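Taking it in order: structure first as structure tokens, then the write-up.
Labels A, B and C are assigned to the chains in the order they are written; within every chain, residues are numbered from 1.
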Amino acid sequence: MTALEVENVGFRYGARTALSAVSFRLEEGQFCALLGPNGAGKSTLFSILARLNDIQAGRVTIADCDLAAQPLKALAQVGIVFQQPTLDLDMTVQRNMMYFAALHGLHGARARRKIEQALSLLGMAERSTEKVRTLNGGHRRRMEIARALIHEPKLLLLDEPTVGLDAETRRAITDHVHNLAASGLSVLWATHLVDEVDDGDRVIVLHEGHVRADATAADLAGNRSLVDAYLELTGAAETSL
Amino acid sequence: MTRYLVAFQAIVARELLRFTSQRGRFLSALVRPLVWLLIFAAGFRAALGISIIPPYLTYITYEVYILPGLCAMILLFNGMQSSLSLVYDREMGSMRLLLTAPLPRWWLLLSKLCAGVFVGVLQVYAFLLLAALFGVDLPPAGYLLILPALIIAGFMLGALGLLISSLVQQLENFATVMNFVIFPVFFLSSALYPLWRMRESSEFLYYVCAVNPFTYAVELIRFSAYSAFSSMSLLIVVITGILFFGFSVIAYTPARAGQRGRGPSQT
Amino acid sequence: MRLLVLFFTFLLASVAHADRIFVSNERSNTVTVIDGSTWEVLTEFPAGLRPRGITVSPDGSKLYVCASDDNLVRVFDTSSYEELFTLPSGPDPELFVLEPNGRRLYIANEDDNLVTVVDTQTKEVLAEVPVGVEPEGMAISPNARIVVNTSETTNMAHFIDTETNTIKYNMLVDQRPRYAEYTSDGTRLFVTAEIGGTVSVFDIDGDGAPTEVGKISFQVAGVQPEWLQPVGAKVTSDGQWLFVALGPSNRVAVVDAKTLEVEKYILVGERVWQLAFTPGEEYLLTTNGNTNDITVIDVASQEAVRSIPVGQQPWGVIVAPGIN
């Protein structure tokens, strides 16, 4: 089954083109880094996948559901971690989780069981009774990732999830998410930081609304470093304007 | 259907929890109308009674007259407060969490709206209790009879808040909204003076008050409190409420930022 | 024809079932009749010039009205509203009181400083009792031995012995006494003073001799003290509650008649003047001179429940009990 299929997606804000004919497929259990500088169109693409923006052109299929035709069914298969934290700071971890579970129709013992599972996956189980305000940035992020997993989605979307975190925490979180992919979840990880990508990861380089490259990190780098390859792709594109 | 109800319950519970944790908000929600009732009302030399207008069957003091208007004021402020929290949620991202839930957007907004109404109605009853302790009360049956009116009026005013929240993009602009919405809406209504009194001072003001939907929210509550029924008020409040809600659902529909319609590249 | 009369008699009897409220309208020279169960105005009929004091016979069949500017008392049938006859009253009759057995009528003649005693059957003046200046308030003790008259300018309550028709006691009260009211057991008397703003309270001994025991004064937040002008007053038959109409303050005071504490003020129409209970004392009615209406007060809850428009400048009010 294909976890995510993006076909010819285009998006304009008035006269400005944000995405143009973006196409790619994501298979089950794949970890895919969506690499691109700020303003490349990553957030716009995420907004479309999360249905905060409507599709203007093209087609998005999530777990075999057309996002435009069956938006609610498609959304039920997606877990999302936004760039900006979306937490009620004065409520406990558990309460934040329960609220989200309820938005996805889960309640009672079943919701609690799934929340516990999700928190354990991220090593957060023992923090469930703490107020979010008392958690550090890394724990808050891990909690949000755990939250995005409660309803057992097929696809996990993360928009620059490590922004503002220190190197060690970033590493821990990328490792966690790689583990999730290894257990069968499809992950689309948007970032502008090359060091978050493993050699075996698939990389899509997005720049100025276009897909510039789509390959494994190792293939993309070739005999250079991945950083150089990335700079070449995005820098070259700049000079071609 | 249970999925809908589970989400509804969670949204209401979250709003209630947030409300109870904001003691300041609750306090000001009660103090504001109490100040009107106990301080301003005493200053309006109306101790000698207000002449009889429906639904009143006999003479009433000014405090008794403004009680329903103050209930509506609480609902108005609460509607704006919920609207403020929506703008806040949008800035803080919580709105995204809500809008990406796999439920229709109108349902999510309706749940949010109902949560606000619930909180507002609680505030009204807390205020009525305090007012009764100060000796300003409704007929006993009125306390029960106003409940549907409070819910309907709360829905209309909450929907107005929802609509405003969809139009106001930033938190900072909110003070302006307060000045340009709450105060005219409250003062240019039958909340503080009967319409005939307005007409005595200015024909123009009278017409402004008569087209202000808030006037009908006040009258709906007032009539219900005295076991009377104003079908025109009900009609106007329900219709404006549905319009406000309808427009806010449209305003909250995806892709408002982008251009509508499908591109030619679709295959 | 006879059948028709019978039918109408029957119809009248069934209509006359409920209590009927009679209100004298000083300015429109009429009496307004209100149904005591539906509160609907049944009719308004001419009652002579400047009708003020108003009362009914003990059997409820006759309505007595002081037609002040006609200088007589007009008597009406309480069912047909037809005028039956008139009684001599002396000049400018303002207020009167009927003996409990319905026989003698004691009338205050405001301009003549007299109380005129009239026999309602022979229609003759039995006596004229000289009293203070501008007599107004009238009350009779339940045993009918004493009639109390208050004189507005002399600021006195005169206690008249009804056997000799002479003044037996005089008591000073506050300025401009307007109304006097006995408790139903006759042991206590209340006299209102309009300008003085007080109600004087007297205990009455077995011989009818008064002893002043207290004075009630009034205070309403937001209302100037000079507007608190006690006028009409009524006490419940159990002697527990005294209601006092407070004129231009638009309020009726509720006073504990035993402790003399004011318990409550009830907002009614403007310039509230006289009061009357319905026969079972469920309701108290007030005439509101400036707003041309009467207010109905629920006696048990001590709340005003409704106001009913009547003629111009309503002055007095009385209720004829319904016919069962």
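One rule holds for everything that comes next: contacts are C-beta pairs under 8 Å (C-beta built on N, C-alpha and C of every residue); 3 or more make two chains touch, one makes a residue touch a chain.
Worth saying up front: this structure is predicted, and the values here are computed from it rather than measured.
Chains touching both subunit B and subunit C: none.
In terms of Cα centroid distance from the overall Cα mean, chain B ranks first. Between the Cα centres of subunit B and subunit C there is a gap of 50 Å. Subunit A and subunit C have CA centres that are 88 Å apart.
For the pair subunit A and subunit B, the distance between C-alpha centroids works out to 39 Å. Along subunit A, no residue makes contact with two or more other chains.
Multi-chain contact residues of subunit C (touching two or more other chains): none found. Multi-chain contact residues, meaning those touching two or more other chains, do not occur anywhere in subunit B. Residue ranges of subunit B in contact with subunit A, taken from their complex: 2-4, 6-7, 9-11, 13-14, 17-18, 21, 92-94, 96-104, 253-255, 257-267.
Interface of subunit C with subunit B (complex): residues 220-223, 249-250, 267-270, 291, 295-296, 304-307. Taken together, the subunit A residues at the contact with subunit B in this complex read 7-8, 10-14, 21, 50-59, 72-73, 75-76, 78, 80, 82, 84-88, 90-91, 95, 98-107. For subunit B in complex with subunit C, the residues that touch the partner chain are 42, 45, 47-49, 51-52, 57-61.
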